[in-house]
Amino acid sequence: MISLLVIAFGVTLIYLAVAERMKTYNSLIAVQGLLLFFITYVELESLDVWHLILILMETLVIKVIVLPYFIHRLLIKKGGDRSVALVVPGYISLTVVSAIIFFSFLLSYLLHDQQIQVKYFTGAIAAIFTGLYLIIVHKQVFTHMMGYLTIENGIFLLSLAIGNEMPLLVNLAVLLDVFSSVLILGIFIDRLEAFSTLDVDQLEELKD
Amino acid sequence: MTEIYFIISIILIVTLFIARVTVISHALVFIYIGLLGWLCVKEWLLLDQPVEGLLHADALGVLFLFVTLIITFFSTIHYIIYAQKRNQGVRAIAIHNGSFVIFVTAISGVFLSTHIGLLWAFLEASTLSGAALIYHDRDRLALEATWKYLFVSSIGVTLGFAGIMFLSIAAHNTPNDIGSLIAAAPLMNIGWIKTSFIFVLTGFSVKMGVVPLFTIDIDAKDSSPSPIGAMFSGPLMSVGFMAIYRFYQIYSHTSILPWMNNLLLFTGVLSLFLAAVFILKTNNYKRMLAYSSMEHAGLILVAFSTGVTGYLVAILHLTIHAFAKAGLFFEIGQVHRVFSSKIMEQCGGYFKISPIGSITLLAGLLAIVAFPPSGLFMTEFMLFKSLMISGEWWIVFIVMFLLCFFVYAMVRNFFTLIFIDNPNAKIIAKVNPLESVPPLFLIGTVLVVGVMRPEFIIDLINRAILVLPH
Amino acid sequence: MNAVHIFEGLTVLTLLVYFVPVRWKQPLCLLLSVGLAFITTTWAIESFTGQEVKQPLSMPFWFHNSVLVIDKLSAFFLVIINFGTLTSILFSRGYMKMYEASKRSQDFSLHYFFLLWLQIAMTLVVTLQEGLPFLVAWEIMSLSSFMLVIFESEKKEILNTGIYYLIQMHVALFFVLAAFALVEAKTGISGFDGLAIYFKTYPSIPMFLLFFAGFGIKAGFIPLHSWLPHAHPAAPSHISGIMSGTMIKMGIYGILRVVSFLNESLMEIGTIVLIVSLISSVFGVFFAIFQHDLKKMLAYHSIENIGIIGIGIGTGLIGKALGNPVICLLGFSGAILHVLNHSLFKSLLFYCAGSVYNQCHTRDVNELGGLIKKMPTTSMLFLLASVAICGLPPFNGFISEFLIYKGFFSGLDKNIFISLLFLGGIIGLTVTGGLAVFCFTKAFGIVFLGAARTNKTNHAHEVSSSMLLPKFLIAVPIIAIGIGSFSFMPYIEGIATLYLPAGAVAPINMIGPVLQPLSLALGLFILLFVMLLVWRAFQQRRVVITTGPTWGCGYSGLTPAHQYTSTTFADNLKNLSMSLSGMKTHYHPIEAEDIFPSEKRKYETHQEDELEKILILNPSKLLLTVMLKFTFLRSGKIQHYILYGLGFILIVALLTIFNVL
Amino acid sequence: MIPATLILLTSLLFPGIIGKVKAMVSGRKGPGLVQPLFDIYRLLRKGNVYSTTTSVIFQIAPLLYFATILFCVSFVPFGDTAGLLSFQGDLFLFVYLLGLGKFFLIINALDAGSGFEGMGANREALYSMLVEPAFVVLFGTFAMMAGYDSFYGIFAHWHLNSSTYLVLSLLACYILIQIAMIENSRLPVDDPKTHLELTMIHEVIVLDNSGFDLGLIQLGNAFKFGIFGALIANFILPEHQSLWIRALIFIGVIFVFAVIVGLMESFRARSKMEKNPQFILTLSSIAAIAFLVALIITNKLI
């Protein structure tokens, strides 16, 4: 069951590499959130009410509903719903991402610390590096944000992989930060009307 | 006890965002500073108490809190001048003051938190509030800088979080508060903590402004109002240092200590080199100051990497540098206002416009390029000594060699600004000599520290580094 | 309330300079300087007569109260510092009048403030013994001199020169700093006391080379000299005077101080010093010959004289290595005496040059001429100083060279290596002397004799007495040391005995007697000269004196343009030394209209310091280009920034895996 | 006292002898031996003509030049009887006093402000700079061997008993003769016979000097020859002989020296100006060779 979910997560990553429309990205992020929700739900043996609420908020509400919706609105507003200008051709991204996934499998196999749960760890590492890769190869603000969210998902998965929980307060704070960071990013995207398109090539004036 | 501080400051923040009267808004900020002062003193008095709860500052935290307090105070004053002279709207001021208080609160939170996760949360909070501060001027460049800062440092801090995750992998089920982590350190898996430290260093370099993610830090200091620049290169650098230091503190009880030192040395020298490259290239006074901050951050890492003898040097250097750089940022802020430009080709002949301001700049230059009697000269001498003791004499020469570039660039550009009349320079505004007094005071303290040993600071530092292996 | 408190009080009082009106600044400065000089001189006298003086400062400095230690060496340098500063400040009164129109009172405040601080810093440099305080004093000295150099800072090129100077001083500081740091790291004792221990236990040569590099840049040994010819012309003349006369001697002080602790591998170090100094002296004067700029020429002569001092030190060291007290004493006392001599005649020369600049507003000797009729006193003083600096009797320059010669000659029969080395030294010294004569006959002849070459000298007249007084003050000791040398020698010798080889019986007051017959001879010579003068006077009275134009060998159209200029005078030497001289000729481009370029095509020649080009300019240019190649990293592209992060992680990971870190 | 007087007297005749020799070689009768003396005497009683460009330097310089040479006479010993005033290191004073004289002669030339004299001045400066090392190295050699650095010390310990000493003496004589020629700017460096403007060194320096000053300069030159002659003589003078014999030998040597100079001047052409530095530097190298020879003698080299 869990393996299936994680594999699905991996599939979303591969899909991210080749997706060509903003909407797809957005919905993919949402799907990832959903997957994460299921994973956590299955994962949680000791179901104390606070944690449940927290997880529900964190995954279902924020990752699946609020943020995608918010970004969707932005896309509509900014007319960002255009096909993504891929800097590198899709098949290369495809190979790279699959290489990343392969590499992370290898890594987690090599490490296989009984402390961690290998499949989560794999997924997490894969997500983090895929996110970074996405940011590096894309040149649009939205896609950068998608990359960021992917990394966040990876981190979330990583925290699952580790298993030992942080205190509730800390968790809340972390959650709050992630949430607000996305919001503020969104706000600033909204502000970027100073620039004609949302290409980051526009943002190259600050240099020596 | 400390919770009260946070509660009150949250209340203040809310009121600040609501309050739409300039005077009240500024007054509230000063109230907040009073609160911060109370916190500093309290923490200082409670130093020897055993740690309880998630919020408790150790000696280093107290030191940095004091630094933050002083620089916050001065940059508030300068922000008031800034807002007056550019007759900012009430709303802008309210937003700025609000996010400024969040910023400082987050910073103080970093110094206070004894839990790694909480520390991370405050770090991210400082990023977010910092974004609002950078965006103050609301022009194209500010927007660009803000976006870059926000994005890259979010990524960086996230990487840092990954580092934390790896730490807790290594730490098994021990709770992630520093005390117990230090206790558990010797049992940790080397591979994990090395990975963790790499991620942490990469991630939090964004705050400290060193390689690899130094770039946006420069942009931020450049495009934000100069009081904020002061905050960024003083307290915020301490935040970055603190974040890295916490992990160093934990791992230093494991066998990877020499590895960490080498890594820090590598990073430090690399930062020095790149800073030297860019300070030669740049034609913008604020960027120049930013690069010199990067240089000093690099020096701090180098010093820290020399182990036992270096810890004191590094932290002392950080502290003194905070004051000197703040003073310079304030004074450059005035220059910026006078010529309404920070580009070298459009400034000049400042000595004729404001002699005392020029004296301040000269003194600041003295302080920042570590000519005696600057406190930084002392720390640099001790740095070289500790490098010699640790037998890395070739590093000494590399560092000295690179430092010459900073001296050259800074001295050339500042003297051009002060003495050479520039036909392209249009004098937009006059400056009130009194405005140069606060920076002169800050820089003066740096020069005094160069002559008289700052016992209070050194004592605090010595207490702080007791936890590190000797 | 002892002397040290007054000293410290005076250092604080320097701030007053900012608050008095312009016309009071110089007198106040003079007053404070005299006060400082008085205190330090009393210490100096005390330590000369009796035991070394220890004065703990009441103000704590970082770790503890540092102590001013005045032994004979420090005392000697204190005297030089005080005299140099006083004359400089005296001279500045008249000289700075030029600037009163163009400069504001803040500029003067800065100037006099830092002039005082230069004196204070130099005083501290020669008296402080611990590492850190010494370095601080050292750097304050560099800084204040830098501020003095850029007095005319509104001129871009002067500012650049100043920065060039500052950077080199900073490099020098770094060498010394590294040396002190190493000493402290190894021995745990800071400063010169630690050095003494260090030399006992660790290899001496590398440490000495560190110090030699640091102090050598300050002193201006070739090839570390390149700042000198730029800084001296840029500075106001009284500053060039004090810098060249006194400040660069601080480098010599450092070397002398370090050398006094040496007791291992003296022969090697002595040889190194001797050879470097020979090169400095010969090339210094050689380059000096090709300068048009009067002050630049004098700057190169400073290099030459530093070389001569170094020759003395080297000789002394080799003497010590041989365990031969005579050579050792002769060498070191020659060097130490020459420090004093050079500080005297070089500042006198700079003040004269300053007076010329003050009157004619040019330093290019090719635009001058015939000034002896307009400014007789100045030119006579310049002549005196020139004769002294060429080491010609009966003035002081001759005495120090005499001692060094004697040192060489008494070492000639030691062993083959020493003999050849010393022969080289003798030749070098002679050539230096000859070139110096060449150079100063040129300088004096072109500037003061003959007919005026341009109209720049039209309005020149003798400078005010306030500018003449310091010159006379300097002229007196120049003559006194020249003739009454034997009476000064015991003090110099007392310092030189610091360096005697261990266990050697110090021949008490050896040099004085050696010099007595010399002084007698010089006295007689002057007597003879005077007698001849009298004879001539009588003869002239009896005969008829007529005047006419200079004889052009039948050519009646002689104009001032027919006179030799500095360039043509140096021409034959230039041809002799081919490209070594670095003389460059720049032809003006051929205009479009002159299809047949006439022989009247305009060109100018100037001298380029090849050594500087090779050692400083080209490398730094290369370095800059290489470093600026890295600026592509600031692409401004956000993706790249993220990439750096990723790259860093991967690189560090790899380095870790392969155990590089 | 004796050496000084001897030198002065002999050197008074020196120009005359040279002139006579040259005249005889070129088959003329030539002026009398004392003719140059008469010229000088007349000059000394003549009035001066000063150029308007000149200054006080122009009036003092010749006097100083003369004074230096006159004073240098007093260092020269007479075999093993010390010179008039001789002390350790008078060697250096000797060299530097001559240097002082040249210094003033040169600025004296520059004072007139004429192109010709400038030319002469800078050549004089160059050549005297080049010739000094030869002299110093030569006497350095002797000082090394004798262990004294005064003329008297050197010559008092100079023994012509061994062949090597003879070799050195011959080298020394050769070098000293050449130095003397250069110091007085005679052939091959410069030719006083030619017309003034063409004798580009010594005669042209004094182009504007007249009367008393000119007389002094010429007298000085004569004395200079005398001094060098005396130095050469000192190599040959045998020790512990009676004074008269030595005086005779001395005069003989001076005479021969003068004749040699005369002959050289008659049978030698002036070399090109560019060649001169090379020629002068060879002297230095020969002196250096002498030094090495001395090292061999005092077996330091083996």
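Just so it is clear, A, B, C and D label the chains in written order, and each chain counts residues from 1 on its own.
Methods note: a contact is a pair of C-beta atoms (placed from the backbone, for glycine too) under 8 Å apart; a residue touches a chain by one contact, two chains touch by 3 or more.
Note that this is a predicted model, so its numbers are computed, not measured.
Across the two interfaces under comparison, A-B and C-D, the one joined by more C-beta contacts turns out to be C-D.
Chain centres here are Cα averages; for chain A and chain B they lie 31 Å apart.
Each chain gets one centre point, the mean of its Cα atoms, and the points for chain C and chain D are 36 Å apart.
If each chain is reduced to the centroid of its CA atoms, chain A and chain C end up 69 Å from each other. Separating the CA-averaged centres of chain B and chain C is a span of 44 Å.
Touching two or more other chains at once are residues 147-148, 151, 155, 278, 281 of chain B. Residue positions of chain D touching 2 or more other chains: there are none.
Taken residue by residue, chain A touches two or more other chains at 132, 135, 144, 203, 205-206, 208, whereas all remaining positions touch fewer. Chains touching one another, given as pairs, are A-B, A-C, B-C, C-D.
Residues of chain D that touch chain C in their complex: 44-57, 59-60, 63-64, 66-68, 70-71, 85, 87-90, 92-93, 95-97, 99-100, 102-103, 106-107, 109-116, 118-119, 121-123, 125-126, 128-130, 132-133, 136-137, 140, 143-145, 147, 149, 196-197, 207-208, 211-212, 274, 277, 284, 288, 291, 295, 298, 300-301. On chain A, the positions that touch chain C within their shared complex are 129, 132, 135-139, 144, 200-201, 203-208.
Only residues 59-63, 104, 106, 132, 135-136, 139-140, 143, 150, 153-154, 156, 159-160, 162-163, 166-167, 170-171, 174, 177-178, 181-182, 184-186, 624, 627-628, 630-631, 633-634, 638, 641-642, 644-645, 647-649, 652-653, 655-656, 661 of chain C touch chain B when the two sit together in their complex. The part of chain C that touches chain A in the complex is made up of residues 631, 634-639, 642-643, 645-646. Interface residues of chain A, counted against chain B in their complex, comprise 111, 113, 115-116, 128, 132, 135, 141, 144, 148, 151-152, 154-155, 158-159, 161-162, 164, 166-167, 169-171, 173-174, 176-178, 180-181, 184-185, 188, 191-192, 194-195, 203, 205-206, 208.
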